[in-house]
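In order of appearance the chains are A, B, C and D, and numbering begins at 1 in each one.
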């Protein structure tokens, strides 16, 4: 799975979705171990050795102080706990969700686009979808609380953090990609409609 | 032809024209058999084995329930019946036709751009072109009826589905590509002019 | 030179500058022969054999009726006659010059951007540049007359055709590229400023 | 380091950040020698031999008059003197900083985006950042004076030149990239918000 995930990370980097050293990615392997990208790496050239193994609370061996998991590791751990079928979590700094987040209150509302069928259990463009928009915070406990209290709103396997980025997950890489790309496309669509 | 079509699918995926698992593609081989991309595949890595053979009504062997043709197979079958010279059909979720479709009634009108000569039988930028815009539907019979009743409007070998995407076709891959790319460019042009 | 030109054509195709089978390219070889891309080819996969040799008036052997030079061959011939140091001519359908052309009268005026030093004999961003904007036509004699009568305005080695595209040339591929890319960038800049 | 820098230059060229022969790049090698891209080269195909060695004042052997360092060499030399830990300097002509520069006075102000943590010593999106915006000039002594007098404003390891481009630097290529990409993303974000 790691090779496919690295291919995805490179593809998304080419989209401009991971400027500087932003974004982070994780997966659960066949032995039920969580692997996450370490902090501070350039996503244009991520390697298998850039993934480090953490436990379900995000703990990791601290012998080498230079290598540590992404600062947002807690967000990944909360998602894995809330949705036990999840095997892959993707994060993006795509510009459209960020731009759109500056205009919205606590949710993104989408309706009428064929692409929304990219979400699990959505079979028509006529459905109205509500995707949670969380405030940004440097306190990972804030996200823990928010995600737990808004669990029922997370049924589309994704959410947005204001002026930060998007998270999406799935039981396979393909599922996680579908959710992330569907969300990004809907944001691009809605952003471009504003003031037109 | 399949290798050239796969190359095209990858090229279009890099354009952002097939987010999530959207879009579908078909061709008719030298034995007059129709091949179409199966449902639910990632267009960043489509393979020859992702094409499955269907009959002219879209039927296919159902032994393996996991593999099925694209949900929009009926649209392809209607196009092949209406325009018997067609050998290739392309579909795109490019953002510009979708955005423009939100502002138009039942047609896209184009005039004055050199690129419109990319359509068959258009030899000057001075022609006024009318491209059909269909409402979106999850009912494939709706498209069957619409395409049959609007056959005379389909002379540019393409149409748009509102907030969904574009279809284009031709007797060769090159012809189908010309029609799809010409339509997308014209939509990009017109969308950008709005409110400027 | 042909290999370097083909590399440039692919690079520009990836920019979206040659949708459908639009654009055409020519060069003069070491024996003073003009070679131009033949009509109707896909610029995503142009080959050395897609270039055909023409004389200085654009004539070419007509034995094979399927192969003919680009419809805009006369424009290339006029440029080579007017500016004898020219060895390479590039054409682009980039969206920004086309969009900007819809707002301008008979010239593009640029001033104040560092990038304008990409033009020959421009050594400061403070210069005011006037690039000719020609009306579009399917009559190649029209361009012959226009280019001859506006020769003095062509000192920046490029011009724009309204809702069609740009032409740029130089004594080397690098010079021609500099002129084309500088013009495109300036158009992108000016277009984005409108209504902001 | 030179191979990694060349990879970065190609990546940035694909972003459209170095049209024509614009931009320049330098680094300090393990023997404390400064190497800078020579003037007038196409960044789509920069080679190791396109870097030339200069002294700390920008002097270089003038035997071969065709080869000279970038016209903006003095800017690099001033940065290396002002910030002695600097080992790499990157320059970009990305369109967003240029567009945004046309609307701003003498600084870019950013606040509220997660990505701003890409700058050294910024640990929260709540910080307000002030990035210097310099007027453009063809007189390199002007930049020498400006950068010296505004040294305290350069704490984010980057600045913008009006209608010209951005400079960013760091003790490693990764640091320099982080600063350049963070600045570009913030400019893209702010530019898109205008008139929305």
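Here, contacts are C-beta pairs under 8 Å (C-beta built on N, C-alpha and C of every residue); 3 or more make two chains touch, one makes a residue touch a chain.
All of these numbers come straight from a predicted model, not from anything done at the bench.
Think of each touching pair as a link: the shortest run of links from subunit A to subunit C has 2 of them. Chain centre most remote from that of subunit C: A (centre = mean of CA atoms). Between subunit B and subunit D, the centres computed from C-alpha atoms are 44 Å apart.
Centroids of subunit C and subunit D (each the mean of its C-alpha atoms) stand 31 Å apart. The residues of subunit C that reach two or more other chains are 14, 195, listed in rising order. With chains as nodes and touching pairs as edges, the resulting graph is a single ring in which every chain has exactly two contacts. The residues of subunit B lying in touch with subunit C in their complex are 7, 11, 14-15, 112-115, 118, 123-125, 174, 177-179, 181-182, 184-185, 188-189, 192-193, 195-196. Across the complex, subunit C meets subunit B through its residues 14, 16, 19-22, 40, 42, 44-45, 93, 95, 98-99, 102-103, 136, 138, 161, 163-165, 191, 194-195.
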